[in-house]
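Input: structures, listed below.
Heads up, the next two complexes both have subunit A, just with different partners, subunit B and then subunit C.
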Partner chain A sequence: MKQTMKTVLALLLILGISSGYASAQDANELMKKSHLAYFYAGDDGVSDVTMTIVSKKGKERVREFIMIRLDNEEGGDQKYYTYFKKPSDVSRVTFMVHKTSVGNDQRWIYVPSIDLIKPISADDKNSSFVGSDFSYEDVSGRHWTEDNHTLKGEETLDGKTVYVIESIPKEKYKGFSRKVSYIDKESMLPLKEEYYNKKDKLVKEFVAVKIEVVDGITTITTRRMNNIKKGGHTIVDFNKISYNVGVKDEIFTERYLKNPPRKYIKK
Partner chain B sequence: MRKAIIEFSIKKPMIVIGLAVIITAFFAMQFPKIKIDTDPQNMLESDEPTRLFHAATKDNFNLYDFIAVGIIAEPTAFTPDELNRVYRITEEIAELEGVIVDDIMSISMVDDIKQGPGGSIVIEPLMEDEIETDEEAQHIFQRIMNNPILRGKIASDDGKAVAIFIPIESKTISHRLSTEIKEITDRLGGNAEYHIAGLPLAEDSFGSEMFVQMAVSAPAAMAVIFLLLFLFFRQVKIIIAPMVVAMMSVIWAMGLLIYTGNTVHIMSSMIPIFLMPISVLNSIHIISEFHDNFKKYKHKDTTIRHSINELFVPMLFTSMTTVAGFLSLALTPIPPVRVFGIFVAFGIVVAWFLSLTINPAIAMLISDKTLRNFGKDTNEEHGMLAKLMHKFRDLAHKRYKAIIATFGVVVIVAAVGLSLIVVNDNPVKWFKKSHPIRIADNAMNAHLAGTYMNYLVFESEDEGSMKTPELLNYMLRLQDELSKDKTVGSTTGVTDIVKKIRYELFAADSSKMTIPKNSDEIAQLLFIFEMSGGDPDDLFKFVTPEYDKANLWVQLRNGDNMAVSAVVDRGNKFIEENLPPAGVTVKWAGLPYINIEWQNQMVSGMQKSLASSFVVVFFMMVFLFRSFKWGFFSMLPLTITVMAIYAFIGYIGKPYDMPVAVLSSLTLGLSIDFAIHFIQRLRVIHKRTKNFDESFHEIFEGTGRAISRNVMVIAIGFLPMLFSTLVPYITVGAFFFAIMIVSGLVTMLLLPSITQMFKKSLFK
Partner chain C sequence: MKNITYILALLVLLVVVSPTHAELYTDGYLQGLFGGQLESDNPTKSDQSVSETRLQLRMESIGDNGEFFSRVDFLYDGLADEDNQYDWEIREAYLKFKLGSKLDFKVGRQILTWGTGDLIFINDVFAKDYRSFFLGRDDQYLKAPQTALRMEYYNSIGAFSFVFAPSFESNRLPTGERLSYYNPFIGSIVGTAMDENFYFNPDEPAKTFGNSEFAARFQKQVGMYSVALYFYKGFYKNPLGLDANTMMPVYPRMELHGASIRGAKFGGIVWLEGGYYNSKDDPDGDNPFMPNSSVSGMVGFERQIATGLTANLQWQADKMMEYDSFVAQQTPGLHYREEVKHLITSRVTKMMVDETVMVSGFVFYSPDEEDLYFRFSTTYNYSDEIRLTVGANVFDGNYANTEFGQFSLNDNIYTKMTYNF
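The block that comes next holds the complex of A and B.
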């Protein structure tokens, strides 16, 4: 039966009759759902994160940090607080993002060695997040309304049925010219994403390596970004995740940047 | 054996020629398999430590060779129009095949670290989009002046010049890319001056222009030689032989070189030019002898037998000495020079053998009717050459003491000149001053921080070593020291990034433009770089992600090995006197550094090879003449020629570069030849006449004329090379001229004077 479905689907794709089946409306709706499932899980979340940046030559750099997130509005404003633990020479560096769905985000960094809080520019959302292969936007999410989405069909990926959705930025964007997402029909989480540049070459590839259910919420606990263009990749492991712990809005202020909230951050 | 071969050539000329043609065809068929290699790096062995370290440095810091495009506009390049042109040109260059787009350094591609709104720190493109106002253009200029990482590199301090550095996948595509870039700048450049420079471009372009030069200069030399031979012998058919011998020797040698899988390097491309005169020399002696004796013997075969008999020994020895001169190159540590030496030597052996066979064979094919008047229509005994030789004879006869004294003075003056020789080289200067590459090099290095890039690499076993204040302060001091040299246009290291971030972090407070006092602050400043939109790859051009290695970019305005050496020595002296932090080593890399390295090897290698071949040739002479005295005197023309030519180079201040170095073996090989002919035949004549004066008289006739014909043919034959656009070719042409004239003069003046002076002991 499955096989027949696949064949029919393939035929439809070949014949290019997929447009009727996959209206832009559906694709937008699916992307929104996926965005909410991936970036707005629960009302808040706290997690220990280990980020391993592997160079083309296989050399590893490890960064460890605690990440606290609060959703002010589902699919809208969000706040992030990051406390760096490793490497040891940047421990106690804290970093805060006020994300808005309209306009530019705001970012601050606290530099303990000189006891200074500094706003840093958030103009370029495509720039690397702490030197990894993930961009800021890969971490906090690109709003689904910024792209035009088309449902290309359904496929089976790692035994799961996925929606294949192609996204093209509405305005010229440096991050990608075309993105193909493979979204798990069941959890609505992206299992794979392919980023293409303006020459339509695959430059980056996101893979959901490990998916677990935490506090009843299906979560990608190991994420991997393959940097096809430059070689190398970054693996992000989320440990000790907890959702809906009642994170307060006041944490995301300059005061807490200097004095991390003890409740979530054990030195 | 020798008789058999010659007899065979005389009796079965068609078979000899047929065989030669077949073998030649086989070697000619190898030509399409030619592999060209113009990378001067290959002057070093592939496992040479300097080279391996350079490759490792490029790999560790993701560095590429680059082409530099320079834009010079009066009164300033910082207008919306000029900058927008640069913007569009960069966009198009980024589309070219083989360009490493992410690493292009251009006003429209680089990031700047600056103050953003609300006191924030921002790392963002310097020129994100095309601009409209003069204010914007001036703002960009100010930002560059304020950024030590960009200043001097992408714009000159006077604002007249702007540069685009284009990293490329491989040096071997730089010539192709420069053509494509030129098309873009011609189309989009407007009125500004556009230049394309860079060491890789010079090296790669030399390769392609070299073959054009070969295609022009080799046939031109052939044509002139042919013309001169015709003037001397007035018989087209007979002078075809030397041409055929020369061509075949070249084809055999080059064919074998290609067949054996060797690449045609800058050096080996000169094999034909070196082989041609050497192979023509033997033939001219044979034809000369044939020409002068045909009247006497009246029959082709007897004349040929006589000529070859007369010439066999001197020809064997002149060839063997030249072979020795070139084979000695096989002792140098430089692979392309070894290949060159071995295959020129092979070609000489071929030329010697072919002279002995093809000359007789071709002569036999010429009808007696054609030859009827050969040697008669020119009144050689009373011709120009004869008259000149008679003058020489009179001089050597009457004024031999004055001549010996004069040459004594020449030797002393030459010895002084030798001490003035300056060893220097620069692949860019292999092009004439009027060549676009030279013009670009001059213009860009006059305005900007330089088109030559060396690297000073700091290495430690421990990760994190490169973010300590000790290391960064040490690097800073080294930077200050290097900047004292006017060749150094700029130095850029992780120090500059740390200082710049610190400066911007403290709201552009100049007093904060220093290295922090503790490691954590350095680490955190660099972390800010990675957090604020700075491309980590930009950082990792200066330091490894593990912080166990750092790379200081040392940008140079002059690629002359002398200038580069001075900078390297200054750095090394500082490192010796001020030891780096414990566990840290500091070493040089970069193309200009590699060039000085192989030059050093070349100079010492050439000295050894010249010395060894000098000794070998001396023993060969002693053996040939069975006499130490004769052996000693026979070395005089070669010694004086080498001394005089290299002293001349010392006096006029022409740098001793790669071609000049390699030419020493040719000088040695060629300038002994006339002495061998002179002495050998003088002694043969003396054996017959048993009378010194009679022998002395006779040597200036046949042999004298043959030698002077050779001098003229080779000296003039290669003069067309003086019009080459490539300096090494001009040098080679000038050398042929000088070698012939000087060794000819020494042989025909000094040697007779000496024999005159020492006749009693020399002819017992």
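The block that comes next holds the complex of A and C.
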């Protein structure tokens, strides 16, 4: 009997250790899958985006733009092209990002009223995207290898089974000190993300409001970021999404920054 | 000139709009700009520096084979004489189209910009409007439009741009009416309040084919860096010469060769640009009425230093050729420039309150010319439509005949309200 107990204990111990190890590895793998499902859907994508920024007092500001994305490498380098439609004072302004999984991204803006192309120093990926509650990194994705991930378990959220994964930045990061993601087991898309600061206080909360299947790809078509620290929130609606339309690499150059590719960019 | 551009705009409009499914889009803004002089002894006619209401209408038509865009300003100028209070200007009216897959054309009234500097222009000799710049108009007004043909050719070597402007377009400089300036014949700062004859409006080169402007650029991306070569053939954009017979200011002929490099480095953006100004009317520097050739170079660095806070620094050095003969031509007792003139500039911009508030300062300072120009503005985006701005332009200098020192009586503050639609 004693012997059996010992064996069971030993077995439990081994299982415990290996499952702990497995959870880190699984969590990493799960985050990678989620990242690819969320930020690398298809090989490219074009969509009309409406961003509604709501202040603490309920005042609304609306940005409308067209976003073109091209994945040069699944999970690696990406390029983004943005054409602003509204508000009217930034209409026709274009913006381009060459995103690298290693090192800093490169960003350019073109201001048509002065025919000016300007590279933007892109040191701070955590700065706000066009004044919204989304940071640049929230829009284009923080690479999963920059954080350590732990699988905390499974839960049910809005009737869906989700993985609960905790992520801690490997290097000190302004965006969060800890993030908890609730990832839909089926689509691998994040249904909710909670961002905690140094004092482990919830500061920001991401919610996937609406999920639809577009061109066979499950897509979050309405996203919301609640700014718990400052109050207020931002809602992002993706309309007219199309995937795998054959976006060419040459679009992400100064030539097209000055001359929007009309194939994708209409009013 | 206005008539020509007007007819051109109409023609272009007809060409593009005629295809069946081109659609027309319009937007624009209504803006009030009011400014006051800070120096009571400025020899200009009004204590106000600016008082104007502006309606900008933008029209865009995108067809299958090309695009048309126009930006037209209608202006009510509260400081003008009664007959001249209403004015309008075609800021842009151009047609854009492609020929094949490698050639892009832009034809018509347009704003042209290239080069790497932040408000320092070495190879960008397209027309500027310093009157607007000094009075607090929006940044877009620093660039004056030109009627031109721009052709850009792209291939695996790089991007080739060619700009042909059939008639010379000068910089818009202070005239003495709203902004005073230094008059070398009088030896002091003058304005139209002293004498109507001080209205500064020099004759431009005759509108002949030989006086047209030509500019070219070759640009290539090399790794993380954008490298460019420039060429320009035309005239100095400021009337730096004197007609020896009439003793009136003239625009001397000039040819420019330059290069630049810009890219990400040290956690920010670094740029380096240089150019050689070849004064074609005074190749040996011995003509006292014409500017000497010069070499100009600059280096700049910009980076984000905190969330929403960006700062940059630029240093420009300008070396005059044949300096000895220049010195020999100078009037004793008057300040004149050093052989190498330095200019240091810095811009600091802070975005606050979810990027609805922007505070920005820009300073130009020359340690050897002992003058400076400081621009300050705060903009508040009350909503997507309504924007409020207050700002100031401050000039100072130890000598009345330096680049910024001559404007030292023009210090002004302004307020601006914009309704975007």
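Side notes on the structure shown:
Operating definition for what follows: the second predicted complex is superposed on the first by the 244 of 267 C-alpha atoms of A that agree within 3 Å, B and C clash if a C-alpha of one lies under 4 Å from a C-alpha of the other, contacts with A are read in each partner's own complex, and residues count from 1 in each chain.
Criterion: contacts are C-beta pairs under 8 Å (C-beta built on N, C-alpha and C of every residue); 3 or more make two chains touch, one makes a residue touch a chain.
Worth saying up front: this structure is predicted, and the values here are computed from it rather than measured.
Under the clash rule set out above, the superposition-derived model of subunit A with subunit B and subunit C contains a clash between the two partners.
Once the two complexes are overlaid on the shared chain, A:262 sits against subunit C while remaining clear of subunit B. Shared-chain residue A:201: touches no atom of subunit B or subunit C.
In the superposed model, A:86 lies in contact with subunit C only, and not with subunit B. In the superposition on chain A, A:115 makes contact with subunit C only, not with subunit B. The partner of subunit A that touches more of its residues, comparing subunit B with subunit C, is C. By the document's definition of touching, neither partner reaches A:185: not subunit B, not subunit C. In the superposed pair of complexes, A:210 makes contact with neither subunit B nor subunit C.
After overlaying the two complexes on the shared chain, residue contacts for A:62 are found with subunit C alone; subunit B is out of touch.
In the superposition on chain A, A:130 makes contact with both subunit B and subunit C.
In the superposed model, A:254 lies in contact with subunit C only, and not with subunit B. Comparing the listed stretches 150-158, 492-500 or 726-734 of subunit B against subunit C after superposition, the clashing one is 492-500.
Common to the subunit B and subunit C interfaces on subunit A are residues 53, 55, 59, 61, 87, 89, 113-114, 116, 119-121, 123-124, 127-128, 130-131. Contact residues on subunit B toward subunit A in their complex (touch as defined above): 102, 116, 118-124, 464, 467, 505, 516, 518-521, 523-525, 527-528, 530-537, 539, 545-546. By the touch rule above, subunit A contacts subunit B in their complex via residues 53, 55, 59, 61, 87, 89-90, 93, 95, 109, 111-114, 116, 118-121, 123-124, 127-128, 130-131, 230.
Across the complex, subunit C is touched by residues 53, 55, 59, 61-62, 86-89, 91-92, 104, 106, 113-116, 119-124, 126-128, 130-132, 174, 232, 253-255, 259, 262, 266-267 of subunit A. Those residues of subunit C whose C-beta lies close enough to touch subunit A in the complex are 23, 25, 27-29, 58, 60, 62, 67, 71, 96, 104, 110-113, 139-140, 142-143, 152, 154, 159, 219, 221, 224, 226, 262-264, 267-269, 302-304, 307-308, 310, 351, 354-356, 381, 383-385, 387, 418, 420-421.
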